[in-house]
Amino acid sequence: MKKLKLIPFLALAVATTLTACGGGKERPRDGGFLSIVAYNGGYGDEWLEAIAQEFTNQTGTRVEFETDSLILEKIDEQLTGVSNYDIYMSHGLNWQNYASRGLLANLDDLYDTVVDESTGQKFVDRFSNGAPELSRYKNENGEEHYYKVNWTQGAGGLVYNSSMFEKYGWEVPTTYDQLVTLCSKIVSDTNGTIKPFVWAGGPNSRDYYWDYVIYEWWAELEGVENFNKWMTFQSDDGTYSKSYENFNPDGRGANFKKAFKMWHDLIAKNPQYSNSEPYGTSLSSAQTDFYLEKAAMIPYGQWAKREIQQMLKADFTFDVKFMRTPRVSAESDYYNFMVGFGDSILIPENSPSKDLAKQFILFLQTEWACKKFVELSEGPFLAFDYSSFDMSDLAAKDKYIASMIEILGDSVNISNATNSPLVIANGDTDVCCWINNTRYYNDAMLDPVAYSVDRVMNDVYNAAKGSWARFCNAAMVS
Amino acid sequence: MSISTFFKQKVKAKKNAIRQSDYERKNDLLYKRHRGEKVLFVFMFIIFLFFAITYIYPFIWVFYNSFKTRINYAQDYIGLPTSWTFDNFLEAFTYSSSETHYFNIFQMLGMSVLICSLGTLVTVFVSSCAAYVVAKYEFPGRNVIFSVVIFSMIIPIVGSLPSQIQLMKNLGLDGTIIGIIFLYSGGFGMNFMLLYSFFKNLSWTYVEAAKIDGASDFKIFFSIILPMAKGPIIAISVITLIGQWNDYMTPMIYLPNMPTIAVGLRLLADQMQQEGNYVLLFSTITLAIIPIILMFCFFSKTIMENTSVGGLKG
Amino acid sequence: MSSVFVKKENGVNEKRKRKFPRTAFFVILMLAYPVFHFCLMWFGVNINSILLTFQWVRNSRLEWVPMNQLFYNYNNLFQEFSDPVISNMYKASLVYFVLNCLITLPISLLFAYFIFKKIYAAGAFKVIFYLPSILPIVALTLVYKTAFENNGFLTPIFNFFGLKSSTFFMGDTAQWMVWIFCFWTGIGYNVMMLTAGMARIPRDILESSKMDGVPPLKEFVHVIIPLTWPTITTLFIFGMMGVFGTYLQPMLLTAGQNNTNTIGLQIFRESTNVAKNHPATIGLFCTIIGTPIVLGTRALLNHFFKEVNF
């Protein structure tokens, strides 16, 4: 008798399974509309909503969009199976890998499209800082094509409370030495109640925001050309098997070491300049400290303002600006690390609406869309050239955006985006530039004597030496 | 039977059991202790108490902190809430985002119920079939099957996951509920061994009688053997169910778009920690572990008795 | 032909000519699915795993290695022993042998003994110790980690001793945190198994040792341990397998940073990569090394106290 009672349950269970699976993989998606996904980071989704809406108004094309912070985990399955999206926008996309597997749409025709009839300017000319060169890659047949569009350019470094600076009469530092002086002034002016810096090395650690500052100093010491050469991860003869020597603190890694030493001298050796126990501080409490004006500066990327407000669900009650990172030498240019420069816009080969997707990207490069992105993401820039746009209205409206416009406009912009096979195969966090993603900010902060500059840089060098063969094997280079 | 009477009975039974074991301990020769031993036992009791506290207190702490407001928690993370609020739970009920694939906690629990009930049903049924036939029928290849199964269980195979993932992809089973159930549905595992030894020792007289009445093999299996094996089948079902409920790896790899609670808890926790919303995180943890704690209360005896038997066969 | 299908009935084989085909049909039907599943998911997967070790990635795809580089993956495997990441991974994994077999197991044995000897509230302790075994590991790691964070309930206690608990998951202490977690959550399962094993010891043996006035320690060593030896052997082998199998704890607690990476975690992480040849080779290497050791230990352990059979 008992088993008879089980039958309806079984039937129900089987039916549920079938319905649950029915909506799944195998049915191809209909074309005729656009489906976009963007990384759910500090940019929010208002910009996407506004641009999608305007695109629909102008072309009549329906656009669906969502933001997601787990794109990276899902994209492989999407590209190889049935993709739910026609456009992906995210950081950290392993696009070279997808391109060489034939999973991405060829964008040569997009780059060749004339975007301005009057001047004959093509899409390929709409970028600054050499982005298109980094967007080409070999496909499975060894032919080189464009497979991605750079998504953003941005800034990395120090964000500061400019109202507080004005209130106390602190000058914005332009050199490293001035920054050092400023820190001691902040502590003495406020009896230590306000810390120069707050940063999070604890839960949801963002200690790597210091990388941005260090890269900028390093690039200045190294010079742009050498810095870019360094980022190819090759030896001088173009080989890889011994290029761990780039990390040699007494050789080609000397400037990396110098830049780290500047950080070490200022931050690690002066615990009074940071919030207490930054190695145990969570991201949210660091943001809260900055919001509550317990610190004057916070290392961050261009998304700082938007993200902090979004996380704390409160708007800043004071002016926030991005600082031009103080230079090593007063004679030098300002250097800016474009944090988002490796970020990508991709169209999957299996999208049924590739042409619509290209149309949308062409729409993205228009002045209206470019400015809308800055306005609604509150600071970050798309990767397109903004130099011909009049940004004064946005600058007048928002001091943070104004500071971003200044930085991107007059700095030497650098990035660590690269098509080096070593980085592609092993991931930038393992190769560039803290080997195996072992960062030392927390350790040095906790014990600057044990984790001296020499020791840290030797550790990095030895780690590089030890792991290099594995990196080369994975990248199949020698 | 209402839940309150159930618990009343449980408590009563517990009290009786304690009384009885007290009595036994005092009057049983085996448990008589002299002075030195008593000191040793008191010492160990203190250690045990310490361990027990480390297992229980963290969850109590999580539980009462889930009734605090964010400010209350920030100001005082040790004490009891100044005023008890259910807001965190209300928020936890509906909290979802693209990271959780817009699954809220109930949908995740639903996924867990669906996958685990089907998975358990299928694997226990398949194991029963296999164990019964191998234990009770003589056929060519029987010894081969049995030896291979034993062999597969004692060889420590390392790193078959990459290959398994590749195979599941090629079969088109990744990303589907059917795929997960298929993975769970193996018939030759610990469950097989447990049921095999049960069937092996099962008396054959009923079957004899049924056979004289002309019953078929299928009929005998379904209407005589399975009901007789009810005890061990329920036991392994409960253990399998808990194992699958807590399984993190399989659904994470093969069903990332439809998180079960074991996987979803991590996704939710990541989001909430990033927001620094610990009280919400605590209420979510509380909600996520309540089903399993309840299950444990109902079946603790079955689970504990049978885990130990099952494990021994490895 | 079908005469080989015979029902075993209390040791007596009784042949019934007419029914054989139906019985054969029954046997085949009952075994079809489990055997198919086993062939696919055990043989299929493991053979494919071996084949993977003879493949490499070309153009982001797995291809067969050419004959002149047949042992490409194996060469790399040995080359990588000098890579600190890989060598630390092997070392960190071996620690789990010490932890599981030489620390957790003996302590569990001691705990189980006192529970078996009906220490006050023994039943309750047994249930409580078992709690971590039934809770989802994500919940356990979350609670464990949170306890040491700046707003965790353990922080004031450590502060009292001048320690900063928020740094415990950094640097060298990180591995200790993972080990303590494994011990803390692993002890309950062992205690459960061992008390069950002890409960099978015949009462008269215990009574006679009690009458002879054997002190607890002596009883523990000379009576309890030999008589629960099969369970101890099983748990010892399980503990050894932990060398290869531990990965969720370091993954969820420290993300494998600070020397907590294990073989299991490395394989798990690389398993979704295109280059599946690399983790598959590590896995096969460990299987080849591990199997004789595990089987040898098992045989050796079974050799002691052979006569026990409850």
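Order of writing sets the chain letters: A, B and C. Residues in each chain are counted from 1.
The rule we apply is simple: a contact is a pair of C-beta atoms (placed from the backbone, for glycine too) under 8 Å apart; a residue touches a chain by one contact, two chains touch by 3 or more.
What you are looking at is a predicted structure, and each value in this text was computed from that prediction instead of being measured.
In terms of which chains touch, the assembly is arranged so that all chains touch all other chains. Each of B-C and A-B has its own count of C-beta contacts, and the greater count is at B-C. Computed centre separation for the pair subunit A/subunit B is 42 angstrom, with centres defined by C-alpha atoms.
Centre-to-centre, using mean CA coordinates, subunit B is 17 Å away from subunit C. Along subunit A, residues 203, 282, 285 each make contact with two or more other chains. Taken residue by residue, subunit C touches two or more other chains at 272, whereas all remaining positions touch fewer. Residue ranges on subunit A touching subunit B, taken from their complex, read 2-3, 10, 13, 16-17, 20-21, 24-26, 40, 66-70, 73-74, 77, 80-81, 203-204, 282-285, 287-288, 311. Within the complex formed with subunit C, the residues of subunit A that make contact are 76, 97-98, 100-101, 140, 202-203, 277, 279-282, 285, 425, 436-438, 442-443, 446, 462-463, 466-467, 469-470, 473-474, 476. By the touch rule above, subunit B contacts subunit C in their complex via residues 17-18, 21, 24-25, 29-32, 36-37, 40-41, 44-45, 48, 51-52, 54-59, 61-62, 73-74, 77-78, 126-127, 129-130, 132-134, 136-140, 145, 148-149, 152, 154-167, 182-183, 185-188, 192, 204, 207-208, 216-218, 221, 242, 245-246, 248-249, 253, 261-263, 265-266, 269, 278, 281, 285, 288-289, 292, 295-296, 300, 303-305, 307-309, 311-312, 314. By the touch criterion given at the top, residues 4-10, 13, 22-24, 26-27, 30-31, 33-35, 37-38, 40-42, 44-46, 48-49, 52, 111, 114, 117-139, 142-144, 146-147, 151-153, 156, 184, 187-189, 192-193, 195-197, 203, 206-207, 210-211, 215-216, 230-231, 234, 237-238, 240-241, 244-245, 248, 252, 263-264, 267-268, 270-273, 276, 279-280, 282-284, 286-287, 290-291, 294-295, 298 of subunit C touch subunit B in their complex. Across the interface of their complex, subunit A is touched by residues 97-99, 114, 117-118, 121, 169, 172, 174-178, 181, 222-223, 226-227, 256-258, 267, 273-277 of subunit B.
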